[in-house]
Structures are given as C-alpha cells and as structure tokens.
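Below, chain A partners chain B and then partners chain C, in two separate complexes.
This part shows the complex of A and B:
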C-alpha cells in the first residue's frame, strides 16, 4: 500500500515529503463506498423495472400506497443519482485525490463520517419518498427535512477534498481543475435547486430555477467529476499521457462558461422570457464544441493503443461511455431546438436520453473504475471469473443501447401522434410494444448487474478462503507502457 | 524511469489553438452578452424580478470561474501547459511501484 512518504505528486520538482507513513489512500473506505454504490444500483434498477410494469398494466402492487409506481419512480431516480453515482464517485475520489495531490484528505474520520451519514441520507430519502413526502421538484424530490442535512454533507465533502487539492503547488493536472469546480459548484447547485423554489421564489421563476437545477446537477456535479476521473483513470491504465493537456484545459474552461446557461432549455415554449430560452439553446449547442475537444483528446490518446479496447474491460467501459456521451450531447444539440421540441416534449425520447446519460455514460465509467479497482481493493489476484465481467458488460451495453433506440423511436411516434391530434388512446396502443421491449432490456441490464455483484462477492469470498495476505494488485491494463 | 517527454506535434498545437478560439471567443461573447442583458433587465420594471434570478445564478457560477481563471493566469498555472500530464503519470508510477505493481508489464 502506497504510503504518504511519496513525494507529493502535485508538488513535482519541489521534493516536498509528507511527514508520515500512514497510508495515502484508505482502501477500506474506498471499498465501502463501492459496495454501498453497488447495493443501491441494484435497488434503484429493480425500482425502475418495477415502475416499467405499470406501463404494461401488470404492476403487482396496484393497491398499495407505499408501493405506488409514482413513488418507486423516485426511488429509481434518486437511488441512481445519490445512491449509485454519488457513492461511487466518493469512493473513486478517495482513491484519486490523494494519489494526484500526494496529500491525504483533510480527515480520515470525517471521510468515515461522510460514508455513514451519506447512507443515512439516501436511506432516509427512500423512506421519505415512499411515505409520500416527496417534494414536487424534479431530481429534488428529497423530503424537505433532508435538504439541509444533505447540503451540510456536500459542504463537508467539499472541505475534505479541497484541502489536499489546494495544497498543490505549481501547474495542476486537469483532473484537479475539474474537481475544484465540482466541489464549488455542487453545494451551490444543490442549494439553488432545493431551497430557492421551496422558500424564496414561486411561479415561472421557480420553474426556471428548477430547469437550471436539473441540468446543472448533471453538468456541474456529475460531468466535472466524471470527466475529471476519466482524465485520471484512462492515462494510468493505458500508461500513456493524455494526448493534449492544453486541449483538456480548453474543454474544462469551455464547460465552466457555457454550461451554467443550459438549464432553461428544459422549459422551451414556457412563459420564461424568450431571450433566456434562446440563450439556453445557443449555449447548449456550443457545449457540443466543448465535448468535441474532450472526445478528440481521448481518442487521440487511444491512437496506437487500440488493442486496449479488446484486452482491457475497463478501457472498453470508458470508451463506450465516451461514445454514448458524444451521442447524448449531439442529441442534446438537436433536441433543444424549438423545431425538435415541438415533437419530442413529454415523450419517451427524453426518457431514453436520460438513461443514456446517467447509465450509458456515468454508470459505464463508474463500472469501468470498479472493474479496475475492486480486485486491488479486495487484495485479490484477479477477478473470480472474468467471463462474468464480460457478461456484465455485454448485457448492460446491449440492454442499454436497445433501450435507448427503443425509447427514441417510441418518443417520435408518440410526438407525431400527439402533434397530429390522434386520440390519446391511439398513442398508448402505438407505445405498448416499445414499453414491452423497454422492460425486457431493463431485465437484461439488471441481470448484468447481478453477474457483477456475484463476481464481487465470489472474488471477496475466494480471497478470504485462500487466506491470501499478500497484496497482489492486478490493474487490468492494456497497451505498452510509455516509459523510458 | 520517467515517462518520456515528447515534443508536441505541430498538428496538435494547431488543434489546440483552433479549438481554443472556437470555444473561448464565443464563451467570452456569451459572458459579455449576459452581462449586458443583466444590466438591461435591472433597468426595466416589467419582469425584472422574474428574469433576474436565472441570470444572477449564471453570474454566481460563471463569475466565480472567471475569478479562478484570472487567479490561475496570475499564478502561472498555464506556464508549461503540457508538463502536468507527465508529472501525474510519473507519480502514479512511483505510487504503484510502492504497491508492487510492475509498470513494465501487464
């Protein structure tokens, strides 16, 4: 286990030595965050699957208020955002930040407190939502009394990670720029979305804030952490520097100035002033330029190492996620235009888009990170069964891709049916085959996660059974090292 | 063994500048335009309170980033812009070697 006696990474050339030999990374903590994340992904996906049955009129708990589908939909969305993604990010950050900066997080005790507090917050959210206490705010359905606690938690997270980052001297690696931004933006975004519409602003202005919140949650919380971690994990697995660090900084600053304008594109054709709506449309299209820089950079990095897509499962998760990211942003650039909105608004197109973003991009990146790190964290030589990991990848990948295409087509059919003033019942009849296929793809995705969970458990059990005490880290690498 | 530092190719530098101009110039224009709208909105009665909040939100986030950008420029964060990608990898290799991970083979 790497000790903090290493030369502080962010102090390259200064030779500053950290004055203790305590571990730089608390690997048990990272493992706990990952296990929590995987537990929530199963719960959240089962909730989504359950909700999809409502569309097929075979919902099994139709007479139970506690199990009403509307409430389980919130468990699905909140569970994915705050249970699966947030936990996984916290775990990966506890690995990456100390290694990038050469400094431990502010307090190990605070990190453990955050671990337990965050699980309490997510569980309380689930219970609160199922009890009917959800707020009428998209992505902010957390019960009102949880909001201040979650806000405090986010501030503590920011302090815990910003402390080691701000100790870094000299030019910073792009990951740290993304993380600084994320730790500043996320508490601000959460406060804006959860407190302003609840206590300060009403009417259409609250709608505008809601639009900013739901998009900023993706763009200013999930995106900077996700890309930041990609800029860390891809080079270290390929053992090759990123193609252009300058270009990565251009992408970062572009995100910083364009993204905050985007959210109002969720409320096109609303009473919100048109200049704000047009601004959101233009900046959304401009974000596609920013995304292009990032994609060029990562695929430039892959040049000469294309075999890693075949030999390294983590790299495959990452790059498929990047292709989906480009797809979703390209889709976004079109769907924010007023012409597209006339057709797709309120349809399943949007649902397909959301699934592609949250699972196809950030979920895939997280699963790639876990595939890379979990054996090392469990002190195992390798995965118990690599074939199960491949089943996990293909079931998730094919399941999600088919779901995305399915919902996109369903959305277009629904949109054109409504535009042409077809009877509402007709649009339901048209949609039913697509909803059936959506449920099947959901089953495939859930089965894929079961393969992964089984593999995690069996790897851990096998490691314990073998009573292996010698750490044998096995980064599932790819490509030749670029070292002299 | 340190990661090999390669001279950046001309194509890469051109890509950087082209993409940089394509993004930073419209970004700066958008920022200035929002500033103008902000001032105009402040001076109108109708809908001032209604529209000012989303714009103020933009300034809260983008304004902070503009300050950070200025601070980074003044502190030489963009001096040798490609060096951090090598130092990051060098230190990751050092940490991995402490853990017994051999970077010369997979």
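This part shows the complex of A and C:
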C-alpha cells in the first residue's frame, strides 16, 4: 500500500515525518465513491434511454406523473453531472491528491461525511426533480432548497483537498495547478449560477449568468479536474514524464484565462448585448488554440509508447477521450460562430455536442481511471474478465461516436428545415429516423456499462470467494508515487 | 508566479474568474439595471387575458373550485402555478422562449425577442431555452384556442399526429376536466406574448377586470352549446377517435 515509502518520494523536500500507521489513501473510501458513481451512471443512462423513447412515441409510462419524460430528462443530466462525474472525481481525487502532496486530506472523517452527504444531495435532487420541483437553470435543475446544502458540500470538498495541496512546499506538479484552480472555481461557479439568477438578477442579464453557469460547470469544474487527473494518470501508466512542461503551462494558463469568458456563447442572437456575444465567440475560438497545445503535449508524451494504446485499456480510454476532446473543441470553434449558430442553435447538433463532451471525454476518462484502479481497490489480482472490459470500451465508443454523428446530421436537417420555414411538424418527421438510431446507440452504451458493472461485481465476488492471501502484483505503475 | 501557489490561487483561481464575471456578467447587469422588473402582481395588473376569462366561463364549476372568482389575484395565482409547472415538467427543455433575429424566426413566430420582455419575475432564471423539439412559445398566447390546448395537453397526438410531446393526464381531474394544474398551465401558455400591443393579430388586453364578456376575435363563430358537457368532452372524444 501507499505508505511511508510513497510519502517520502511524493513529499520530497518537506522533511515532514508522516504518521505511517494509517495508509495515506483510504482505498475503501475511493472504492465507495466509484461504486456510487457507477450506480448513478446506470440510473442516469437508463433515464436518458427512457427519455429517448418519448421521441419515438413509444414511451412506456405515458400516464404516470412520476415517470413524466421531462422530469426523467432532469434525472439524466443531473445524474450524469452530480452523480456519475462528481462522485468519480471525488474518488479519483482521494486517490491522487494524497499521493501527489504526501499529505492526507484534511480529515478522513470529513471525507466519509462528504461521501454520504453527497449521495444524500444527489438522491434528494432526483426525488426533487421527479416531484416537479426543478429550478429553471440548465445543468442546475437541483431544487432551490438543495442548492445551499450542495454549496456547503462543495466548500467542504474544497477545504478538504486544498489543505493538503497548500501544505506542499516547493514546486507543484501540473495536476495540482489544475486542482487548486478547480477547487476555487467550482464553489464560485455554483454560487454564481444557482443564486444570482434566482434571487438577485432577472431577465437578459440573468441569461448571461445562466450561460456562464452552463459553460463554467463544464469548463471550470469538470475540465480542470479531468485534465488534472489526466496529467496524473497518463505519465504514471506510461511510465514517462509529460512531454513538455512549457506546453503544460500554456495549457493551464490559457484555459484559466479564456474559459471563464466563454459562457455567453450559449445564448447568441439573444437580447444580451451583442458586443459581449462577440467577445464570447472570440474567446471560445481562443480556447480551441489552447486546447490544441494540451493535445499536442499529451500526444507528444505518447510518442514511443504507442503500443500502450493496444496493450493498456486505460490508456486507450484516455486517448480516445482526448481525440474526442479535440473534436469537441474544434466543433465548438466552428459552431460558436454566428454563421453556424443561425442553423444549429436549438437543434440536436447541440445535444450531440453535449454527449460528446460529457460522456465521450470526461466519462471515458473516468471509466479509464476506474478500469485502472478498481481491481487494486478491490484487492483483486486483475479483472474477472478482461474481454468484458473490451466489450465495455467498444460498445461505449462506437455507440457514442455513432450517436454524435447521428445527432449532428439531425441537427443540420432540423436547422435548415426551420430556416426554410417548413411546417414545424416536418422537422419532427425528418428527425424520426435519426432519433431511432439515437435510441439504438443509447442501448449500445447502456449494454456496455452493464458489461463493466457485471465485471466489477464478478471481480469483487471472485475476490471474496477466493479469500486470497497471495499478495497482489502491482499492475502497471498504479501504486507508484507521483512524479513531482 | 505561473507555478506558485499564490499565483494559481489568486490570479488563475480568483483573478480570472472575477475578471470574467465583471466583463461577462456585471456589464449586462449594469446595462439592464435601469429596466424595471415586473412582479407577478404587476403582470396580472396589466389585464387579464381573454383565454383566462374563457376558461372561467367554459368550466365555471371547476374554475370556481380551484381559483374562485375571475380576478387579478386568481389570474396571478394561475400564472404563478403555471410557471412552476412549466419549469417542473421541463417544458423549457424542449420549448425555447427566445426568437432570434435570424433564420426567418421573426417570420415564423412574429417579432424578435427584446430585452424588456424578459424583465419580469417569471424570467428568474431566464427561460431562453437551448433546444427546440417543439416550437418556440414566447409568442404562443392566443395562437391556439383553449380547446386546442386542453386536447393537446391531454393527448398531443390527438391534434398533432406526429407530435412527440408527452401526455399530461395529471392536468385533468377524473371527469376529464382541467384541474388546478390544467387551468394554470393553459393560463400561463396563453399569457406568453400577450404583452404585445398588436399581437397576436387581434389581441388586445381587456380592462383590468371584465365588465362584460370580452369581444371574440373578428371572424370567430362561437359554437353555441347550452347543454353543460357531462364528462370530459374534449378528452374522451379525442381518446375515442384516436382509438378508432
């Protein structure tokens, strides 16, 4: 386990004597976060799949208020953002931060409290939105009476992780830059998005804030933690340092400067002042340039270890996620222009884009981390069945990619039909084949996750049954101290 | 600065965020701060919609039961609940409330959106929307009759066969009449856009309280039916027709 030896390396230079009785990382906690995350991903994806049936006029629970399709759409997005992604990040952070800093999180008890409190918040959100109490804020539909609790939770998370990070003396690794920034941004973004447009500002100005919230939740919460963890896991698994420190700097500072300026691009051609819309468009295109430097950096790191794409499933998840990230951002640089917006705004194009970002990028990275960590966390020698993990990868990957292309084309067709003043019903008729394909890709993705969940369960059951006392061989690089 | 705790904490973390907030949020706030923001009460004081009065006349018993008399207070209450339903049922995920000055949207829906019409309590948070599965709704009021909406909420495919809108049977009581929620959501949807002086085409807000039955639109021939409907006429008919 990661004990004093790891600490000595990770905490080089501090000369601190660390209590070696307790392990640096509470692996059970990490496991619990991952299990919670995987439970929500199943719920959230089934909710999405269920909702997609409405588009085919075959919704099975049409007369049930509780199963109202619109409410289950809330469950889909909220479950993914706060159940799947947030839980998985919390787990991965509990794994990475102590290793990178050599310090425990502020309090183990607080961590466990956060685990249960966060599940309570997400469950309350699900119950709240299902009983029709949603807040009219995209990605922030959490009922207003949960918002303050969630806000408090985020602040506690930030304090819990910032304490060990800020204790580090001397230079900090790239991951920690991203994490420091993320822990400041996330509570600020949440407060800005959930409270200002509800209680302080109304109208078009609130639209600007809503746009900032939609964007910052992805850009300032999910993105920095996601990239931070990539900077941690990729070099460790590949056993080589990041290609260019300079590019890491450019990537971080470019993101920090340009990303917060983007939000208004969600409401182009709206009554928000036009010069701000232009500003948002330009800074969005700037983000694409920054993203390119990060992608170049990571592919530079891969040079010479390309075989890992074949041999290591985690690396494959990570790098396909990066390809999708580049695709997303490239798409974004085009779709954000006023020319594209005329056609694609309000269409399924945007839905495809959102799926590519949230699942294709961050979901894939998370699943890669889980593929890497879960056997270790369960004290298993290896996965019960590696073939199932490959099924998981390919079903998710192909499902998502086809869904993305499908929705992109559907979006163009809808956009042009509307612009050409076709009767509204035509845009529905035209979209139906694409919606059918979308449901099929959704089924593929859900089946893929089932393979993974089954594998987790079987690995766990196998371990319990075997009650193995043989020491676990270290999988590739997983338990090594962080490069610092 | 670029790799130190203080630099990242203060400049990237707080600095850039606050800078972006000032530029992208405070500037529009400052620009629009002179615009008065209307409360629900003030919106109701602008006058009742014809459709609200029509609902009260058409379903006197049910209306009386849920909302009492036709008044600004009951109108405000219905609007408020209607807005809550509009948000809670995720209507705003498939219907935008924003007409852009491009792609012929002004021609399709009548008039581009402007800042003032979002200055009211119902736009907290603003309901611009980001997806249109169904049409934009900010000019929806008065476009369709109450009957159309009742049939449509009960079973959308009964009036628009290709519609993918969900059914909302819980907006209706067991007899098929609109219940409190049904009155509310129809009042809200029929109110959207009614603040326009000349929209839709014949629309004029009446006086604050009706002194007489509001004038029907020109060319409108009401079907005279003195017999009180027995049970949920619109819905059960629609059901039967769809089933046949």
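Operating definition for what follows: the second predicted complex is superposed on the first by the 454 of 484 C-alpha atoms of A that agree within 3 Å, B and C clash if a C-alpha of one lies under 4 Å from a C-alpha of the other, contacts with A are read in each partner's own complex, and residues count from 1 in each chain.
The rule we apply is simple: contacts are C-beta pairs under 8 Å (C-beta built on N, C-alpha and C of every residue); 3 or more make two chains touch, one makes a residue touch a chain.
These numbers come from a predicted model, not from an experiment.
Participant: Taking chain A as the common reference, can chain B and chain C both be placed on it without clashing, or not? Answer clash or fit.
Facilitator: They clash: once the shared chain is superposed, the two partners overlap in space.
Participant: Let me test your reading of the model: by the given contact rule, A:68 touches which partner, first (chain B), second (chain C), both or neither?
Facilitator: In the superposition, A:68 touches chain C alone.
Participant: Where does A:152 make contact in the superposed view: on chain B (first), on chain C (second), on both, or on neither?
Facilitator: A:152 contacts neither chain B nor chain C.
Participant: Would you sort A:204 into first (chain B), second (chain C), both or neither based on which partner it touches?
Facilitator: both
Participant: Touch check for A:254: first (chain B), second (chain C), both, or neither?
Facilitator: first
Participant: After superposition on the shared chain, which partner residues are touched by A:351: those of chain B (first), chain C (second), both, or neither?
Facilitator: In the superposition, A:351 contacts chain C only.
Participant: Looking at A:342 after the superposition, I want to know if it touches chain B, chain C, both of them or none. Which is it: first, second, both, neither?
Facilitator: second
Participant: Kindly classify A:192 by the partners it touches after superposition: chain B alone (first), chain C alone (second), both, or neither?
Facilitator: After superposing on A, A:192 lies in contact with both chain B and chain C.
Participant: Would you sort A:419 into first (chain B), second (chain C), both or neither based on which partner it touches?
Facilitator: In the superposition, A:419 contacts chain C only.
Participant: Please work out whether A:133 is in contact with chain B alone, chain C alone, both, or neither, and reply first, second, both or neither.
Facilitator: Only chain C; A:133 stays clear of chain B.
Participant: Just one of 1-9, 109-117 or 145-153 in chain C runs into chain B once the structures are overlaid; which is it?
Facilitator: With the two structures superposed, the offending stretch of chain C is 1-9.
Participant: Name the residues of chain A shared by its contacts with chain B and its contacts with chain C.
Facilitator: The answer is residues 171-172, 180-181, 184-185, 188, 192, 196, 201, 203-205, 208-209, 212, 220, 249, 253, 256-257, 260-261, 263-264, 272-273, 276, 279 of chain A.
Participant: Using the touch definition from the top, list the residues of chain C that touch chain A in their complex.
Facilitator: Residue list for chain C touching chain A: 2-3, 5, 8-9, 11-14, 16-17, 19-21, 23-25, 27-29, 31-33, 35, 37, 84-85, 87-94, 96, 98, 100-105, 107-108, 113-115, 118-121, 123-135, 157, 160, 162-164, 166-170.
Participant: Which residues of chain B touch chain A once you look at their complex with the stated criterion?
Facilitator: It is residues 1-4, 8, 12, 15-16, 19-20, 22-24, 26-28, 30-31, 33-34, 37, 47, 49-51, 53-55, 57-58, 60-62, 64-66, 68-69, 76-96, 98-101, 103-104, 106 of chain B that touch chain A.
Participant: Which of the residues in chain A come into contact with chain C in the complex?
Facilitator: 54-57, 59, 62-63, 65, 68-71, 73-74, 129, 132-138, 165-166, 168, 171-172, 177, 180-181, 184-185, 188-189, 192, 196-199, 201-210, 212, 214, 220, 249, 252-253, 256-257, 260-261, 263-264, 266-267, 269-273, 276, 279-280, 341-343, 345-347, 350-351, 415, 418-421, 424-425, 428-429
Participant: Along chain A, where are the residues that touch chain B in the complex?
Facilitator: The contact residues of chain A facing chain B are 1-3, 6-7, 9, 12-13, 24, 99-100, 102, 170-175, 180-181, 184-185, 188, 192, 196, 201, 203-205, 208-209, 212, 216, 220, 232, 235-236, 239-247, 249-251, 253-254, 256-258, 260-261, 263-264, 272-273, 275-276, 279, 282-283, 286, 289-290, 292-293, 296, 300, 471-473, 475, 477-479, 481-484.
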